[in-house]
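Take a look at this one; I'll ask things after.
Note that the chains take the letters A, B and C in the order they are written out, and that residue 1 is the start of every chain.
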C-alpha cells in the first residue's frame, strides 16, 4: 500500500531503490519518536490508565454481584468470567490508541498531510509505523499498570496450554485487525473535518461489541447478530474467550478462521478507502 | 488635581518551585520546598495625571506587562500601592473594570463567530452603557475608524487591521477614563498604523482619555507621547518628556553636508578648523557628517560658516532618533538622571 | 439581578455564534444518544441473562441510569465550558475576563454554547420518562417535588466537584486528562447501586466524590429502597441540599484558585 510515486531517476544519478527495506530506518525513526512523545505525555497516559483500572474494578464488582446465586453461567465460573473481563479490558486498551486517529486527523486538517504524501516514505506505511510505535508505548504502560490491575481485577492462568497457544495466534490476528480499523478511522479525516465525536463513538461501539464489558456469547438475539457482523468481536472476544477456554476444539479453529477472513476483508477495504482518499486529495485538494 | 494613576513602591515577586532534576523530577518538583524568586517589578514609582498620553516601554521581560496587569486588576502585587481612579484595582476589580479599557494587540476581545456589530452590542450591555450614549459613540467610531463596510462580517473573517479597529472601538464604547493599549499597532501596515495613531490621538485630545501605551514600535511613541516611562529589569530607568530624553542622552544632532560635484572631483574636503564647536564624524565622497550640540553651536552659524567657504550642493539635519537613544539605555542599563 | 441578565445575553450570543457554524443539531444529538445509550446497552444485555444486579431489576436500573443521565445533562448544559478552563488560561482569555466588570466564571460559562448539550437534555428527558413509566415509582406530589429538587441537586453536586477539579488548571498546565477521569468516574460509578461496590468504595463515592448524590440516592428514595442505602434515610431525603452544599464548596475552591492565580500569575 505504498504511495511512493514512480520517479524517473534524475540524469546522472542512480535510480531510486524501490526495495521495501529501504524505508526501515525511517520507520524506526517514527516508532522511536512516537514512543518518546507518548512518554513525554505520560501524565495523560496515567489518567487514562486510571480509567482502565477503575473500569476493571467496577466490572469485577458488577459481575460478582451478577453471579450471586449462580456457579456457572454460559459455561464460565465466576473466576473464569472475571479473568475474561480483566484480560479483555486490558487487551482492548492496549490495542487501542486514542491519539493516533487524532494525530492523523490533525495532520489532514492542518494540511500537513500534503508533506506526508510528498515524502518518499508512503503515507500509509508511515501511519503504520506510528501505530506500532504507539503500541510499544501502550504495552509499556500496560505493564506498569499490571500491579494495579492485579488488585482491581482478576488475573489468572489460561485454561490449558492449547488455550494459551490459540490465544497468542489469535492475539496477533486481533492486533492486525485493530490496526487496520484504526487506520481506516484515521482516513475518515480526509472526508470530514469534525471527527472528534466520531472517534468517541467508535471507541464506545468498539468496546461494547468487542466484548470487553460482556462476553459476546451472552449477547441476546438481534444484538448478537449485529456483533457477529462487525469485526470488533475479533479484536477482543475471540482471543480472550480462547484464553479462558470458552471456545474450544473445532470452534476454536473456526473462530481463528473468522479472524483471518476479517484480516483479508479489512486489507481490501482499507486499500479501497485509501484509493478514494488519494483521489479526493488529488482532485479536490483535500 | 490628583493623579488618576498612582503607583508607589510597587513590587512583584514571583516564586517558582525550583525544577528538580533527576529521577521522578516532575513529581519531586511538586513537593519541593526550594523556590526561586524573581522580582519582575522592583520598587516602581510613578504618577499619571488625567489626560496624559504616556508611553510605557521596555525590552521583553522588563516588567511592563506585569505592571500593566497590576494596574488593570489581573495581578495582585507583592507589596506597594496602586491606585487607579481612586480605586485599588484588584480589590475592586469589577468597579475598576468599568473605568478602564484594555486593548491587547495580540488577543482580540471581540466575539469571534459573531458579526462585529454584535460584539459592540454585547460590550454595551456588559458595561451597561445607556442606549443614547451607545448610539452616539458607535456612530462616531464607525465614522472615525471607517468600519461601515465590515460591520456585519463575523470577526473571524476580518483582516488584522479591521479587527484592530474593532478592538479599539470596543474599548472606547463605554467611555472609560483610562485606556491601556498593549502593542496596538503590531503587525499592521503603514497606513493602518497611521490611522490607529490618529484615532488614539483623537481619543486623548477630544475625550480627555488618559492613555498608557505599551509598544515596541518607538515611532508610535515619538508620534503620540510627550511622556515616556522606560522600564527594565523591574526598575524605572527614565520617567519624563520624550524630548528631554533625547537631548539629555543624545544631545547631538548631525549636519550632513554634500559638496558640489566639481569640488568633489578636485578632491576638496571640509577642514575641521572651519567648523569650530563641531566634530566631523565621517567624510567620504564629498559627503560629510558633522556632529554638533544645538545648545552650544547654533546650527545657522555652522551653516553660514560652511557656506562661506565651500560650494555646498545639499544640506540636511539628522535628529537623534528615539530608538537609538533607547537602545543605548537598554545597553547600559543605567537610570537616566 | 442585572449580572444574570447580562450573563443571559452573553449566553444567547454564544448560541448565535454556534449557529454561525451551522452545526448539525441532529448529528450531534445522535452522537449524544449513542454515547448515553452505550452504558445502557450493557445493563440491557447482562440483565437478559441475569435478572438483578444487587437486588435491583431492569426497571429499577433503567430508572437509576436515566436519572443519572438527566442530572448529568442538566449539569452539562450550563457548565460544559468549565472543562476548557486550561485552554482559556493558556490563550490569555482568562485575563480578559478579569478585566471585564463581570464574574469570570459566568464569562467562562457563556463563552461558547454547546449545541449538543440541549440535545443531551432532551434525550435524557425522553429516556427518563420512559424509564419512569416502567419503574415501580409512586408519583405522588411529594415525590415529584423531590425528583425535581434531586435532579437540580444532583447536577449541582457534580458541577461543584467538576468546578473544584478543573480549577486545578490555575496551578497546572494541562488538566484535560483529570477532567476526563472525573467524567468517567461519574459515568461508571454513578450508574449502579452503591452496595455492589462494597462499603469503602460506596463511602468514597458518597462523601469524597459526590457520585451517589447525583442519582443513586435520589433513585433509592423514589423507588422506596432507602432501607438498602448505606446512609441514613433523612440524609437521603436531604440529597438536594447536600448537592447545593457541594456546589457552594466547589465554588469556594474555584474562587480560592482564582485568587491564587492573581497572586502568582502563572
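A few remarks follow.
The rule is short, and it goes like this: a contact is a pair of C-beta atoms (placed from the backbone, for glycine too) under 8 Å apart; a residue touches a chain by one contact, two chains touch by 3 or more.
Note that this is a predicted model, so its numbers are computed, not measured.
Taking the mean of C-alpha positions as each chain's centre, the chain lying farthest from the centre of subunit A is B.
Taking the mean of all protein Cα atoms as the centre, the chain whose own Cα mean lies nearest is C. Distance between subunit A and subunit C, defined via averaged C-alpha coordinates, is recorded as 31 Å. Distance between chain centres (mean CA atoms), subunit A to subunit B: 56 Å.
Chain centres here are Cα means. That of subunit B falls 48 Å from that of subunit C. Subunit A has residues 43 in contact with two or more other chains.
Of all residues in subunit C, only 28, 31, 34-35, 38, 41-42, 45-46, 48-50, 53-54, 116, 174, 176-178, 180-181, 184-185, 188-189, 192, 196-198, 201 touch subunit A in the complex they form. Per the touch definition, subunit C reaches subunit B in the complex via residues 2, 6, 9-10, 13, 16-18, 20-21, 91-93, 95-96, 98-102, 259, 262-265.
Against subunit C, the residues of subunit B that register as touching in their complex are 14-15, 66, 69, 72-76, 90, 93-95, 97-98, 100, 102, 104, 106-107, 109, 111-114, 118, 122, 125-128, 154.
Listing the residues of subunit A that touch subunit C in their complex gives 43-44, 46-48, 50-51, 54-55, 58, 61-62, 65-67, 70, 73-74, 197-198, 200-201, 204-205, 207-208, 213-214, 218-220, 223.
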